[in-house]
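Next come two complexes, and both contain subunit A; in the first it sits with subunit B, in the second with subunit C.
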Partner chain A sequence: MEPGTLSTFLKRGAIWGFIVFELIFFSLAGEFLSFSDKAFMDLDNMLLLFKQSAPIGIIAVGMTIIMINGNIDLSVGATYALSAIVLLDSMTWPMFAGMGNAVIPIAWGLALLTGVVLGALNGLIVWKTGVDAFIVTLGAMLGYRGLVFMYNGEQPTSHLNWTLVDFAEAQFLGLHTATWFLVAVTAAVWFLMNKTVHGRNAYAIGDNRAAATNAGIRVGPHMLINFMIIGFLASLSAVAFYSESGSVNPNDGELYELWVITAVVLGGTKLTGGAGSVLSTLGGVLAIQLLRKGLGHIGADTETVNLAIGIILIAVLLLDRQLNIKGKEELRV
Partner chain B sequence: MSTQKPALRLEGILKTFPGVRALDNVSFSVIPGEVHALMGENGAGKSTLMKVLGGLYQPDDGQIIIDEQPVVMTSPLQAKSKGIVFIHQELSLAEELTVAENIYLGELPHKSFGRVDWKKLHAQTDSILQRLKVGFNAKTRVGELSIANQQMVEIARALTVEAKAVIFDEPTASLTDAEKVVLFDVITDLKSHGVGIIYISHRMEEIFKITDRISVLRDGQYRGTLNTAETTDDEITQLMIGRKLDLSRNASHHEVGDVALEVRELSCGALFKNIDFEVRRGEVVGFYGLVGAGRTEIAETLFGLREPTAGQIYLDGAEVTIHSPADAIAKGISLVPEDRKGQGLVLGMNCRDNMTLPQVEGLKFGPFVAETDEVAIFDKYKERLDIRTPGWKQTVGNLSGGNQQKIVIAKWLSMHPSILIVDEPTRGIDVGSKSEIHNLIRELASQGYAVIVISSEMPEVLHVSDRIIAMYSGEIMRTFTSDEVTEDNLIQAISGITSNRAA
Partner chain C sequence: MSELTQEKIGLKSRRREQPVGRFSNLKLGEILARQGILIAFALFLIGFTIANDRFLAPDNIMGVVRSSAILGVMALGVTFVVLSGNLDLSVGSMMSFSTIVVLDLHDKIGPVLAIPAMFAMTMCLGALIGFLVGYLRLNSLIVTLGMLSAIHGLTLTYSGGKNMDIADKEGTWFSVFGQSDLVGIPVPILIFALLASTLGILLAKTPYGRKVYAVGGNGLAATFSGINRSRVVFTCYVLSSFCVATAGLLQASRSLGSQNTVGQGLELEVLAAVILGGASLMGGSGTIFKTVIGVLILGFIQNGLLLVGLQFYAQYIVTWIIIILAVWLDIAAKRGKLWSPIA
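Then we have the complex of A and B:
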């Protein structure tokens, strides 16, 4: 075996192995502890789990490319909430009155545009000022959330369109609309990162910015594009979720950025950039959702779930570190 | 000398990693008061041996013997307590702290309730600094010191314990000639106090200047020990690479073509001023000077990384301005940077992707990267430059320095530039690969490339260049043709001694 192969394999497959472990554990534990007599790995239960993974998952896919690129985006939760407001409120605007269901694509378009514009704003500031993305998007997180509250005060913004609800609740080949969104987004971004020039350059910039610049790669535009993509995905996530729920509270999406980053890191993407994969991120999202659902299944409350996720996150990073050290020692001959 | 008891002895050290025998029964000893060079190509096992000695690796077999006592090394701290001190190539100092705090880091003298005894700390530090004859004191902040002085702080740290053996790993890599002299004085002083010194370096001149004996490793095996006074660099090189190396002056005179690059009155603030030179196709122009003479800065300006404050650049006779590396690349200028790992390569990426990085934009198939074209480019240059790697999927970070440098060079060759600037082409590269890279540079010139080589190693500049530009403190002192140049007049020029300039 080539040096490092085993640890690389373990690292790549770790998140999926963890998911299998969760499934087995909760199925067995459920037999003894669960109050419900439904099996944990019930098909409907799993389909629901995919659907519930979608809002965080869609954003996490975007966060993966931002982090591969060597940046971070803390404003996704606020972007998500603001896009949701635009989505629901625009359907009630007088200028679209009398359009019937034709307002739906317009509302979607406006919501998605909101995300792209906010993302572009982040990207431009990072590019043109050179201020660290952490600081820029921390400011944006507060600022965009401020806009959310300015819109409707503490009041929720609501509008229920039954055609939209039907669409969002529909199932195609068993999977819900939101799940299909997640699948499509993961596939598209996987292609973007693995097969296109933009993806290749994004990895290079995240790994060694100076070398990328010296190879003639223009760093700024690539970062701008990635921020626009994550803005788009944050609002797409809002579109998928609020088409169904029809009501957005000004606090919605708070802490999403942290859940998203947790999923991405669980999936093995490096905080320092240059390495990571959207497929593993998908694994990270599913692992968290499984954990929540599973702990609920065996009767644990929300506080316990958060504690468990926190511990597991740190344990996983510790394991990753150990494997990295091992891999390095094997190679350093 | 050899009758003396060794201060430190390594006996039959064996260390294997999966698939590789990194050290195969290596024995080595240092006598008090001698400077013992440890030489070998990169990957020969020097670093592994030193890591075993420092307790970072546990040997599979063999013993470390200090003062006739076998010792099991478990950590660098333990090594230090046994009097084995390392001066690493990469400095590890806390820049915000003072010299004294750095020297006694972790061992600050203290009074009751854990209060630091500053008086004692500064007094102890100053007495060590006096011994080293340096121009700073205990309270200086380390961040304000030059690299050479920071290295002195590391050495001072070594002097706080009763050192039996001090290991210098490529200590002169970032030092100027004047700073080297100071370092060598310190080593001589240590020597006279009966300390055994292990000196790891690739630089022959230093080896002959300062060492007493030379031990050579090759492929993890001990190849023999030579008395420095009785050997030649040919003999050492042969031991290291197992063949004879031709480092004679370059004599090939091929056709030199038109002027490809012309620089007039180029200035950039205080970094360099009034730079005039031209490079013709088929010609290698060497830039030689001390660190800080402005050579790298000129290269960076030509590559669009710096804006010049005055002057003109002409490519094939037409004046150009170069705004960015992307701009420079589009105009046919390419740069192999000094810091290969920091600026030349994306270490986590594979060989192929690194090689095609600047041109991947042009290899598109719709929105996608045309990977088969990339593999074709990789295969072509792998063969042409004899890059030794199992395949394109290999991560560049795992290759040896020489092969990494070939990847960087291949990256630019595959773009067919007209001007190739190579900054420190063989820094940190083993002797065997060194001569390959030199030959490659000559070959490229003969194929019609205009090549600029920046180097701090005199034999290298003398070997590869058709003309040599000597720089001192941001100015060109003199331009030599290969017939005029001698080691003496070159040294004089870069030290600012001569004043008869020629453009």
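Then we have the complex of A and C:
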């Protein structure tokens, strides 16, 4: 990819252009179609949009790393649910009784630890057995979901801690706690991927694994670390969301992996690895959330969201193909 | 075309490379690993039979196969797609779609017209995916991911978000596909068996089947030998949607009413069954017979674990372990080393 060319610029900026288009379209369409008096581009509305983007967004940031590295993780939804259960349930364990609010950091720590361990397990299996990450995490998706159901059957796990709810609902400089989580995670991962050896190596491995190996990069540990990061982020997402809601169903997080992958692909990250950016992924997440909210705003059925996202995803792929096809001596067969 | 050329371009199955390393002299180890899934299946059956003598009772076996039939029918089609080197994540929501459509049309235009109409609509969706992946060469994972979402939206829009029920459940012959028996065997099993043997013969004994293997094994080589790669991929997706429509018919006929999310999540379970059967996600390797084994393993594990008194959800954990072990042993036998060479 040559930097500075028009097509690169177009590709990089495409998702943000799409977001601007969505904003204008829904604002204008809302004037004529909406039943609510509020404008679409209302500040509160936008703040809420950021907050609602956070759970998927935090995981999507992690998925970007995994996909840049040339892998995929289908087990994030189950990891998310299991971490949420650990978070809420551990606060009621008898051994932590009488600790008051000191139990909160412990519960958070346990939930995050759960995510890291599950991620590390995936990473280790991918590394040591050489089985494709798609298969490993497909199996793990079933297995981790099994653990979720074994934990509490089909009953929801609930525990409300009002200190925690207050914290999760708090707004600092206008942004909700969950939004701050998303911002912090995006910034940290951006730094990791662009300014550290690990990040650059992850790009190199995703681009050409054989070349990276020959250059002396140890592929396995990097993959392991990336899987631990996505596990951590999946549980962080659960922490951000369930601190507020206080109740988790065993089905929660199902199909999250597909939403997350959709957002990452919309952001322009290649499934084959080696290319992609965390900031564009954030754009992809916001674009999906805007679409959801916007369609609701102009009075369309919520069902059309799925239809629209599916079509957009395929359209993006077609566009990308048209942009890439030039200059390549592609074999037309 | 000489035999050697045929072998090179993948028309003939490639001779297994001689493994080097720890297993090289251990023919037994290789056989164990290559047929590991069948051996594991046999061990499972023996173990469960010892643990519970009802396990091998005919009615139990019949029950397991019957409840696996819907998943199995879908897995047959997905096997073709996987063999051609692609993925299909849209089968779950497509199955919801066909179930809802046939139930809705049943009351509107009658079952005789509803069934072909539903098959036509579902296969149009399959043809659309086949066009995008086959002719436009788009990434199958993303296309079918997009279609998963789009078809789900289509189903919800079609049904208005409501559940679909047949008005007169007693007075319709529509339940014949899902609920009745023929010569003592449940009809879903017969349909599954019929479809499996037809598609098995199509894959193993016809030029078309060899083309599917060739395209999945090495697409470029297949092209150079005059195979229309686009058309083969296209037909695989149409075939898959045909299987999905059949599964939708079975589901609708069994329950005579359905939620619009009935197939949600099935795409990954189907894929798990296909992988368990030993099909390679890279394409070009796998058979219908093995897929049927994969489907049966999933079914019998679920049933066996319940019979020995474990929770229903324990099957997920066992499935997880078995999938990874099966694929691991398979590739370990191919490379001749247990542990991966990843540094």
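Going forward, the second predicted complex is superposed on the first by the 322 of 333 C-alpha atoms of A that agree within 3 Å, B and C clash if a C-alpha of one lies under 4 Å from a C-alpha of the other, contacts with A are read in each partner's own complex, and residues count from 1 in each chain.
Just so it is clear, contacts are C-beta pairs under 8 Å (C-beta built on N, C-alpha and C of every residue); 3 or more make two chains touch, one makes a residue touch a chain.
As the structure is a computational prediction, the values presented were derived from the model and not from experiment.
Contacts of A:322 after superposition: neither subunit B nor subunit C is touched.
Once chain A of one complex is fitted onto chain A of the other, the partner contacts of A:211 are limited to subunit B, with no touch recorded for subunit C. Shared-chain residue A:314: touches subunit C; no touch with subunit B. Of the two partners subunit B and subunit C, it is C that touches the larger number of subunit A residues. After overlaying the two complexes on the shared chain, residue contacts for A:163 are found with neither subunit B nor subunit C. Look at A:195: by the touch rule set out above, it reaches subunit B but stays clear of subunit C.
Shared-chain residue A:145: touches subunit C; no touch with subunit B. In the superposition on chain A, A:247 contacts neither subunit B nor subunit C.
Residue contacts after overlaying the shared chain place A:275 against subunit B, while subunit C stays out of touching range. When both complexes are aligned on chain A by C-alpha atoms, subunit A residues 213, 217-218, 331, 333 touch subunit B in the first and subunit C in the second.
Residues of subunit A touching subunit C in their complex: 74, 125, 127-132, 134-136, 138-147, 149-150, 153, 213, 217-220, 223, 254-255, 258, 261-262, 265, 271, 301, 303-314, 317-318, 321, 331, 333. Contact residues of subunit A toward subunit B in the complex are 1-3, 191, 195-197, 200-201, 203-204, 207-208, 210-218, 274-275, 329-333. Residues 17-20, 22, 43, 47-48, 303, 305, 324-326, 328-330, 335, 337, 342-349, 353, 357-358, 360-361, 363-364, 367-369, 398, 411 of subunit B are the ones that touch subunit A when the two sit in their complex. Residues of subunit C that touch subunit A in their complex: 89, 132, 136-139, 141-143, 145-154, 156-157, 161, 220, 223, 229-230, 264-265, 268-269, 271-272, 275, 281, 311-317, 319-321, 323-324, 327-328, 331-332, 335, 339-343.
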